[in-house]
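Below, chain A partners chain B and then partners chain C, in two separate complexes.
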Partner chain A sequence: MLSKFAHAEIDSISTDRAMKIPGVRGVLTGEGLPLTGEEMKDRPPVAWGKVRYHGEVTAVVIADDPVTAAKAANLVEINYKPLPVVQTPSEAVKENAPLVHENTGIYEKDEGVNPIPGTNIASHTKIRKGSIQRGREESEVTIEESFFIPPSDHAAMETRSAAAEVKPDGKVIITTSSQAPFMVKKLMNSYFGIELGKVVVHTPLVGGGYGGKASVQQEILAYLASMKAGGRPVKIVYPREADLITAPCHMGMEATIKLWATRDGKLKAAEIQYLVEAGAYSDKAIHLTRAAAIDCTGPYFIENVWCDSYCVYTNHPYPAPYRGFSHSEVHFCFERAMDILAGKLNMDPLELRFRNAIRPGQTTPTQYKVNRSTVGDLPECIRRLKKLIRWEEGAVVRINERQLKVKGISCLWKNSTIPPDSTSGAIITFNEDGTANLISGVVEIGTGTKTVLAQIVAETLKMDINNIFVRMEIDTQTTPEHWKTVASRGTLMGGRAAMAAAEDAARQLKAIASCVLRARIEDLDIADSRVFIREEPDKGLHFKDIAYGYTFPNGNSIGGQIIGRGNYILRNLTHIDKETGKGKPGPEWAVGAQGVEIQFDCRDYTYKLIRAISVLDAGKVLNWKAARGQVTGAMSMGLAFAGREAFIFDKEGRIMNPQLRTYRPLHFSEKTEYIVDFVETPHVDAPFGARGLGEQGLISLPAALGNAISAAIELQVTSLPLTPETIWRMKEAER
Partner chain B sequence: MTGRAAHFHINGEEYNIYIRNADTLLYVIRGKTGFTGAKPGCLNGDCGACTVIVNGWPVKSCLMLAVEAEGEEIITAEGLHGSEIQKAFVKYFAFQCGYCTPGYIMNCQTLITQYPEADRNKIKEWLDSNICRCTSYEEIEQALYSVLRQHR
Partner chain C sequence: MIPFDFEYYKPSSISEAVELHRQLDEAGKKPVYYSGGTEIITLSRLNLFYTEAVIDIKGIPECCLCEKEGTRLHLGAGLPLAEIERADYFPLLTVTSKDIADNTARMKITLGGNVCSELIYREAILPFLLSDSQVVTAGASGEVSRPVNEFFNKEIVLEKGEFLVRFITEERFLRAPYFHTKRRKQWNTGYPLITVAALQEEGKTRTAYSGLSPFPFRSRIMEESLNRDNTPLRRKAEQAVNNIPHEIISDSEGSAEYRKFVLKNVLMDVMTRMGRRGPE
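Right after this comes the complex of A and B.
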């Protein structure tokens, strides 16, 4: 049962009639359930007392089959008393705005969460670097602009589903389509006090995530429903409509950006306010708010930066992470502001970016001094973009009376601000024939990370990759933990763990071979599934003779099955300072430059994408086809987000487009031409130097499209999505 | 609930299945035969992930009642194991998460059989009935063209 209201008191719930339907095993309501939420516990798993968004779960009917459940659900009677709705973060922070939560100040929360009691602000992150006053004094030009991005969705093709069963011995078995099975395990412990060893989470191949399946929502419902039904297995599958509106969505944002610069385009100060739309519950929005603050200026060095990033409740669905983790929203606002500044300076926007691009030795908003390894080479990305997009042709070229050819560019950076104690592990077991099995906690959500992990193992053990068998399913009892499959961190963390496991296996193989070959371990080498004496490569042993121990001719045996183990934890990360934001929030900043070229129709404001370009500093490309696929896929998603994707709310806060025909992702015939180029500045800590790649292709395309359309209509675009209708409204408003 | 036994030909095999009159073909195939290639994505025909081939034409199995498919020749993704189009999808990296892939493969396979001479517009029209959220569609196009080229 889902709420029909965006904000209402629940006067009464009656489940009596539903319970009388044969085949109904129970009806779960919010009564007596503990509060949940990842950094602040503000969310009842099932609404109780009031509903805070359209689509919120109000009751769960457990029945023998879906048809019976649907029939009974129609008989659950809920009486609501509607309350005034809050629809935007800027409305929500006004004095006397209706409160989405009355208890903001007293919820149980983690360190680093800073709610403001009596308001709709769930958390506040501050960046205080340098002095805005000084920056202003040194400047000659200033701009200020506000931006608006509505909530939207991931719309993975597989809708979320979860199953749970509580065994008689108390073991809780959960199967879920999740990017975060290990987080499900931890949260089941945190919310319900179930011993960690008694929670076993299975995750098979996941049908698309993009961050959306990194939130934990449905698993809780499945567990509670199973408890209600005496521990029997219960499965919940969201229909598309619920997957769009009930499950966590893609955040909205509002922003105000003020920039100060010298006349020759040197950025001197930035004063920024981000209002991250938390919707009804703070869950991951608190972290999204922090991430927005940490990388608040885009990839530019600015001496003086003030940023206030607020996590603001509204009566909209609450957000999960979304590919880029608040970076595409930050970049849309900041990179639009950069183009506005370039206009005021009468300077080439690409040149303005080149002059201010962050370089080794400079500091981030969190006052961390970067080097080549931690920040890559943005100036080189800009140089290459300039050539690829043929910038010398000019941003706007008139094709005929009606049509323009327009280019827009934008830069990006992204660090991944995951908790500093996040860990990843890997195990390599050997088979008797000398082949190996790789077990890693990285979930395969479509990024191909497990292929790359197998490549890393093959390279480290100098084995044929076809002799490495990769376990695809996750089972939190036997799979080593990988914190969450998010944040473009699979190759770095899972890769380092797999590399360590391979090195561990190599040491063990050499130790056995050393006894048999009567040679020191240091004199042995490995290649082609053999351990051999370096000086005389023909003297050696095949893995198959030592992978399960070695047996001498007389039957004496040594060793045993080779089991390599490895783990990785990020080094020297810090929490950020509460007052200034100072710290090292993540391992490295991946940088890039992107552009779009569109054909714009000045009469009806429609436009056609001609091509989109990404130049990313990938550190090192480990699998070219997979890397290109990740980047073009992200680009396609970014253009869809920028061009058309948004929830449409009515005046009561109800979502009017909860289907794939009204919330419409890109289709085949709408694809454009993609150009991808990689700069390779190694990230020294990463396997072979590889940087994150899964999100970067998306991050700056909304801004690039916004910049192109602004150039086409000679007005400043300040909101998404960029549909012909919104552009028409802007032009009409001007008249 | 009212229902009855019905007879289905799926992937060259025979199935006697007890169905409700209101059951969709998708529900019956996934729930009662063990073939899970057809995927539920929207249950209203928007996404094409549940596409199967019925008598040589692609059908969104969420929009067809099982009773309508009784006695017809049904092929699911499992029935195209080892086909050229399946191999082409692997070769060209034409999938990432893979959830939409069976639907695309069914659609492409039918297009190849019914319209080996399909032009660009025909291909656009056909492939627009599915949604892929991971790739940029570039790879799916390459996979399809690679097989079409062999058939011309």
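Right after this comes the complex of A and C.
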């Protein structure tokens, strides 16, 4: 049962009639359930007392089959008393705005969460770098603009689902479509006090996540439903509508950006306010708010930065991470502001970016001094973009009376502000024929990361990749942990762990071979699934003869089976300072420059996508086709988000487009030409220097599209999505 | 998931179908005729539709007609849209059909199903509204033929137990100059913001609309504006927009005001394509 209201008191719930249907095993309501939430526990797993968004779970019917459950759900009677709804963050922060949560100040929360009691503000992150006053004094030109982005969704092809069973001995077995099976395990402990060792989470191949499946929701419902049904196995599968509106969505944001610069285009100060839309519950929105603050200026060096990033409750669905983790929203606002500044300076927007692009030796908003390894080479990305997009032709070229060819550009950076103690582990075992098995906690969500991990192992052990078998499924009891499969961290962390496991296996293989070959370990080498004497490569042993120990002709055996193990933990990360934001919040920044070219119809305000270009600093491309696939997919998502995808709310806060027939991701027939190019500035810590690549292709395309359309209509675009009707409204307002 | 059980019948004649409907209705089974079934699936899973018996009309030969007989084209209600496109007897219907849903869905969606849909669009009716087609229906009193505008005026006019059998269109309309355009909220997928179908008959342009109002319609008063001689193109379009005879919808595809803006431009395109450009 899902709430039909966005904000209402629940006067009464009656489950009597539903319980009388044969085959119904129980009806779960919110009564007596503990509060949940990742950084602040503000969310009842099932609504209790009141509902805070349209689509919120109000009751769960557990039955022998889905048809019976659906029938019985129609008989659960709920009486609501509607309350005034809060629809935007800017409305929510006004004095006297209706409160989504009355108890913001008393919820149990982690360190670093800063709610403001008596308001709709769930958390506040501050950046205080340099002095705005000094920056202003040194400036000659200033701009200020406000931006608006509504909530939308990931719309992964596979909807969320989970199954749970509570065994008589208290063991809880969960199978879930998740990017974070290890987090599910920890949260079951944190929310319900279940011993960690008694929770086993299985995750098969996941049908797309995009961050949406990093939040934990359906697992909690499945567990509670199983408990209600006496521990029987219970399965919950979200229909598309629930996957869109009940499950965590893609955040909305409002922003105000003020920039100060010298007449020759040197950025001197930035004063920024981000209002991240937390919707009904703070869950991951607190972290999204923090990430927005940390990379608040886009990839530019600015001496004086003041940013207030607020996590604000509204009566909308609450957000999960979304590919880019608040960076695409931050960049839409900031990179639009950069174009507005370029206009005011009468300067080429690409040149303005080139002049201010962050370079080694300069500092970030969190006052971390970057070097070539930690920040890559943005100027080179800009140079290449300039050529690929044929910038010399000009941003706007008239084709005929009605049509324009228009280009927009934008830059990006992304650090992954994951917890400083995040870890990843990997195990390598062998088969008796000398082939290897790779077991890593990275969930395969369609990114192909496990292929890259196998490549890393093949490269390290110098063996044929076809002789490496990759375990796809995760089982938190037997798979070493990978914190979460998010944040473009699979190759860095999972890769380093796999590399360490391969090196560990190599050491063990050599140790056995050294006895048999009567050679020092350091005189041995490995290649083609063999350990051999470096000087006489024909003297050696195949893995199949040593991976399970070596047996001498008389039967004596040594060594035993080889198990390679490896792990990785990020080095020297810090929490950020509460007052200034100072710290090292993540390992490295991936940077890039992007552009779009559109054909714009000046009569109809419609536009066609002609091509989209990404130049990313990949550090090192480990698998060209996979990398291109990731970037292209991200670009396509970014264009759909910018051009069309958004939830549409009515006056009561109900979502008017909760189906794919009305909520429309990009269709294959709408794809454009994607041009992808890579700069390779190694991230020294990463396997072979590879930087994160899963999200970057999305991050600044919405801004690039906004910049192109602004150039076409000679008005400043400040909101998403950029539909022809939005553009028409701007033109009408101008008259 | 369809959360209820229902019986399935596939009669092989019109009389059998009508009789089945009568019996099942008497038995309180709320019978429905069906052909493609896509809407039964999509509405049932949302609890917006209920029946205890469906009567499949695809086994009735008259409902599957797709042929020219002399100067008349017969198209059965049970024909999948994709099949009508392949046969391509009526070019305006072909292009209109090709913009409905996607090909996979159109292999199931039928002509009758689209015309009798619960949705507001029902674009497949547009070419028939423009071509003075006849509609054959069947009910207790047997087969009846009547002009399309008596069958379809804002709503479908069907008696209880009566069902749509086929459309009959005169050949001269099949060869008439035509134009079709579908404007969506953004790019190439989604419901129509506005669909306009146009056909020329005796030098006059006829137009019919979907997505503009809560039902598809043809408007003679708008046609008068569009066919007025010695009027600049823009003026014609503006007058037609001012003469829209029905309520213009505002929904998640677009506002009423924006629809008017788009329609004005689309009508200029229609008139240009129909070669009746007035003085600029």
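Going forward, the second predicted complex is superposed on the first by the 735 of 735 C-alpha atoms of A that agree within 3 Å, B and C clash if a C-alpha of one lies under 4 Å from a C-alpha of the other, contacts with A are read in each partner's own complex, and residues count from 1 in each chain.
Rule of thumb we're sticking to: a residue touches a chain if its C-beta (ideal position, glycine included) is under 8 Å from a C-beta of that chain, and two chains touch if they have at least 3 such contacts.
Model, not experiment: these values are computed from the prediction.
**Student:** Is chain A touched at more residues by chain B or by chain C?
**Tutor:** After superposing on chain A, more of chain A is contacted by B.
**Student:** Considering only touches as defined above, state whether A:656 meets chain B (first), chain C (second), both or neither.
**Tutor:** second
**Student:** Let me test your reading of the model: by the given contact rule, A:629 touches which partner, first (chain B), second (chain C), both or neither?
**Tutor:** first
**Student:** Taking the superposition as given, does A:644 touch the first partner, chain B, the second, chain C, both, or neither?
**Tutor:** second
**Student:** Quick one: classify A:368 as touching chain B (first), chain C (second), both or neither.
**Tutor:** Neither partner.
**Student:** Between chain B and chain C, whom does A:447 touch in the aligned arrangement: first, second, both, or neither?
**Tutor:** Touch status of A:447: first partner only.
**Student:** Quick check for you: in the superposed arrangement, does A:67 touch first (chain B), second (chain C), both or neither?
**Tutor:** Both partners, chain B and chain C.
**Student:** Regarding the shared-chain residue A:604, is it in contact with chain B (first), chain C (second), both, or neither?
**Tutor:** Once the two structures are laid over each other on A, A:604 reaches chain C alone.
**Student:** Where does A:728 make contact in the superposed view: on chain B (first), on chain C (second), on both, or on neither?
**Tutor:** second
**Student:** Touching chain B in one complex and chain C in the other: list those residues of chain A.
**Tutor:** Residues 67, 239, 661, 667, 669 of chain A touch both chain B and chain C.
**Student:** Show me the residue ranges of chain A that touch chain B in the complex, using the header's touch definition.
**Tutor:** By the definition above, chain A touches chain B via 67, 154-159, 205-210, 237, 239-240, 445-448, 625-626, 629-630, 632-633, 635-637, 659-661, 665-669, 671, 674.
**Student:** For the complex, which residues does chain C have touching chain A?
**Tutor:** 1, 3-4, 45-47, 185-191, 251-252, 254-255, 258, 261-262, 265
**Student:** Spell out the part of chain B that touches chain A in their complex, as residue ranges.
**Tutor:** On the chain B side, the touching residues are 1, 20, 22, 39-44, 46-47, 49, 93, 95-100, 124-125, 127-128, 130-141.
**Student:** Touching chain C in the complex: which residues of chain A?
**Tutor:** So the residues of chain A in touch with chain C come to 66-67, 70-71, 74, 239, 241, 603-604, 643-644, 648, 656-657, 661-662, 664, 667, 669-670, 721, 723-725, 728-729.
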